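Labels run A, B, C and D following the written order; every chain starts at residue 1.
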Amino acid sequence: MSETALDAAFFVRWMTAAAAVIDREAERLTELDSPIGDADHGANMQRGFVAVAKMVETEPPATPGGVLTAAGRQLISSVGGASGPLYGTLLRRAGKALGDAPQVSAQELRSALGAGVDAVGQLGGSAPGDKTMLDALVPGVAALATSFDAAAEAAEGGALATVPILARKGRASYLGERSIGHQDPGATSSALLFSALAEVAK
Amino acid sequence: MSETALDAAFFVRWMTAAAAVIDREAERLTELDSPIGDADHGANMQRGFVAVAKMVETEPPATPGGVLTAAGRQLISSVGGASGPLYGTLLRRAGKALGDAPQVSAQELRSALGAGVDAVGQLGGSAPGDKTMLDALVPGVAALATSFDAAAEAAEGGALATVPILARKGRASYLGERSIGHQDPGATSSALLFSALAEVAK
Amino acid sequence: MRMLINVAETVVADALRGMAAAHPELVVDAENRVIVRRDAPVAQKVALVSGGGSGHEPLHGGFVGPGMLDAACPGEVFTSPVPDQMVRAAAAVDSGNGVLFIVKNYTGDVLNFQMAAELAEDEGVQVASVLVNDDVAVIDSTFTAGRRGTGATLFVEKIAGAAAEEGMPLERVEALARQVVASSRSFGVALSACTTPAKGSPTFDLPAGELELGVGIHGEPGRERRAMMTSREIADFAVDAVLEDLDPRLPVLVLVNGMGATPLLELYGFNAEVRRVLDERGVAVARTLVGNYVTSLDMAGCSVTLCQVDGELLRLWDAPVETAGLRWGR
Amino acid sequence: MRMLINVAETVVADALRGMAAAHPELVVDAENRVIVRRDAPVAQKVALVSGGGSGHEPLHGGFVGPGMLDAACPGEVFTSPVPDQMVRAAAAVDSGNGVLFIVKNYTGDVLNFQMAAELAEDEGVQVASVLVNDDVAVIDSTFTAGRRGTGATLFVEKIAGAAAEEGMPLERVEALARQVVASSRSFGVALSACTTPAKGSPTFDLPAGELELGVGIHGEPGRERRAMMTSREIADFAVDAVLEDLDPRLPVLVLVNGMGATPLLELYGFNAEVRRVLDERGVAVARTLVGNYVTSLDMAGCSVTLCQVDGELLRLWDAPVETAGLRWGR
């Protein structure tokens, strides 16, 4: 894992890249949310990250922790649905864990995101294997120990691996057996966040 | 034109045959009523002639005039829509014109139906060329002077000739220019009544 | 066939049994197809009777009750009821103060109500009739069947109903009903066809991405087919079509009516555009009603009805009403 | 796209502007997405706040008014509102007697209302929350998201609203709301999918001639797909599914609810079948409501909700209510 220090500008670039990839993939996320959900995940994420991108552009926080905390707050105030509070909590908790250091290491980011992922599981009452965003977040964070690219790959793999799972949480769980065979939209958007991270780290 | 005298039993057979052909063609009548109407003409005629057939079977009137008058009343009480009062008036007025003679000639039937058709035009405020049942009834009655078969043919021809007409009465008139190119459902059911008449006269 | 029914033949009878079960305040005669308010005949009151084909619910059965209709006669789907129903209804509700027939202008309704009026008068009931013809999509001329009756029917039934409830005599109730007719115009738009139980498939073929302008409430196509328009464009077109035939010097009642399958969310959004156009045209809005009131089975689309009101009509509109489909006041 | 809209992004804001134009008795803040009764905060009264994704109209905005909700927070279509809306609503309606949040059991609604409750309490508002989870199509277990909130929400909002209007304290209003939840169960059926503005095409593919049993109100497919059933068969299936999880010893309130695109004519016919099954199972019916109240955009289909009521709940159900979507009493 690279030992480069990551500053606030890096986190701003991450959020901007995330907004761009979410915007490109919004239709696909909504499509995935159609057969096993309510066809809004793309629109939800898009609305949230448009707000985040605007925030980091117009009033960029001064620290890595500040960027993530403000981004999380922005998601909570603009997304709604299940993904708003969950992604909002992920970034807010990670941001808080980073404190007000002006620069952080990749390992510090990994452990901060780990705290965020734990908070998601606590808030959602969910665990890996339930066919949710956790199935991409958990392997993604774990692989951050190796590299940003490995994290993106692991998260993507985790998202793909949700296909055969029977959903136990979220809307997809209402479908019972019929949730099998579909990729979870939230896991897919989580993988996109990791791919944006890998992209800006290059 | 045959000079055979027509008795009440003949008129009962006519009504029964009419009910049968309407039943067979009900779907087509409703289809015709779809693009330029409200998709109920087949169901309307079927409901009415089921009632008429039941009436002539269970309590057949004793005279030709009685059969038509009772059939007309039955249509008024069971059809509704535009066709109920119009067909009801046609048969009632024709029945009244036949009086209580136990037998009538084909020429007497022709002039009675002529009175019925006039009453339809009066009630509906309509005339031949408006794209209505009159476009089959008027030539049908005229051709009765020749034969039952000629009447059936003329009514059928009249119905077909409604296709290029721009409707001025009935629901089809709401469509303006767009009513052109469709055959009038009421003219079509009128032709069926004449074909049933020709059939029982054989 | 995407229908919640048993068989096409019993759709109306089944609905009437279901209405009877839901509304103990109504007497629903499912066999003879007459819906009557339970306290009818109401002494000293002119009685209002309306009816028409089924498929437009809540019109008319949902408008039976204090402050609106005394009785309704539901026909088969999109088919005028028969005179026997209207005669029976008139006899059930006449308190000796006469009956007003409220008739939508369709050949079938006109002829059947006309026959019924003659028969009821033979039985000693005083009958007056008012014809509702508000749809500007249809050219009104003696060479046509004339403008159709659509959304304005609700305004006529409500306002005449309030007048009757106040104890006004038949001529006055009739005159007010005619005033509402003269003051009301409508225009409708379809985003889809509807499916009648008898036919079992859409009454016409409308590809997604196109719409029909100037439709009625019986699944007929409209005057013109166009590429899909925005809510804003539809409001411009519909309101201007109405205003071309009605020049309101007074405030208007607005009915933004759904055809059946258009969500309330969209109807409210459409109302915002209707209000915008009215503001732009300088037309004052007195009251607005948004919802599915005069429907066309499962058709997607909407209509706009405007009714210009003076102080008396507005007072009668605001008067209490207590029916399944419309309720307010105290 | 067969929609009466401008663009997908402004659907909710447009609808709120249209609501504001139609309902002067409401304060509609289209920017902050809060609908509040005009006389709020009402002194001495517990305030009721609900909300959820849009697309279920008249729920919840149409249920704001005397005798029901004090405020509603509409989210994006099928998307829970955000905590900011609920906090703002609570602040606007709290008279110092506390606020009850009525929350449908979906992960999004639960989490957002939970965050809002914490924030509102930080601001000194006393908040209680009740979770509505009536849909028996979803298995209720700690290993799932639990039963969904659907039709029973209307019963909870009406009965708790009447209790609050009578001046009952927060704990009592909350307890009554919980009693309604515990006494209510629902089951829904789809005859078609619905189309969200964001997606622009049906949320799932349901060929004519098939139906989905056990659907929610967000365009999700149900538990099971079957060949089309008659109204009679659907009523047997749905009512028995409800009764399997609810054994009413007392009379029930019946809600025969349309999903949006099913004509009232069919809903009444369906109610006749629902009543037949209830009669056969020996369940007494206290009141029946038939109509489109908890909808799923333009989905065709229906749901049945039963709520077992004692004398107090029935009295509160019958109490006056004056909202855009539900009105009665004097």
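Heads up, the rule we're going with is that contacts are C-beta pairs under 8 Å (C-beta built on N, C-alpha and C of every residue); 3 or more make two chains touch, one makes a residue touch a chain.
Just so we're clear, the structure is a prediction, and the values are computed from it rather than from any experiment.
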| Among all the other chains, which ones are in touch with both chain A and chain D? | none
| request: Note the shortest touch-path length, in steps, from chain A to chain C. | output: 2
| said: Taking each chain's centre as the mean of its CA atoms, which one is most distant from chain C? | reply: A
| field | Whole-Å gap separating chain B and chain C, where each centre is the average of the chain's CA atoms | value | 31
| remark: Chain-centre distance (mean CA atoms) for chain C and chain D, in whole Å, is 28
| task | Take the average of all CA coordinates in chain B, do the same for chain D, and state the distance between these two points in whole angstrom. | result | 53
| message | Averaging over Cα atoms per chain, report the distance between chain A and chain B in Å. | response | 73
| note | For chain C, residue numbers touching 2 or more other chains are 77
| message | What's the contact topology between the chains, one of line, ring, star, complete, other? | response | line
| Okay, what are all the chain pairs that touch? | A-D, B-C, C-D
| Complex contacts: residues of chain D adjacent to chain A | 8, 53, 75-84, 106-108, 111-112, 114-115, 137-139, 143-145, 148, 196, 198-199, 203-204, 216, 218-221, 223
| Residue numbers on chain D that touch chain C, as the complex places them | 1-7, 11-12, 14-19, 21-23, 54-55, 57-58, 62, 77, 191-192, 208-209, 228, 230-232, 234, 256, 260-273, 275, 285, 288-290, 292, 295, 297-298, 300-302, 320, 322, 327-328, 330
| said: Please output the residues of chain B touching chain C within their complex, sorted ascending. | reply: 30-31, 34-40, 42-44, 47, 76-86, 123-124, 168-171, 173-176, 178
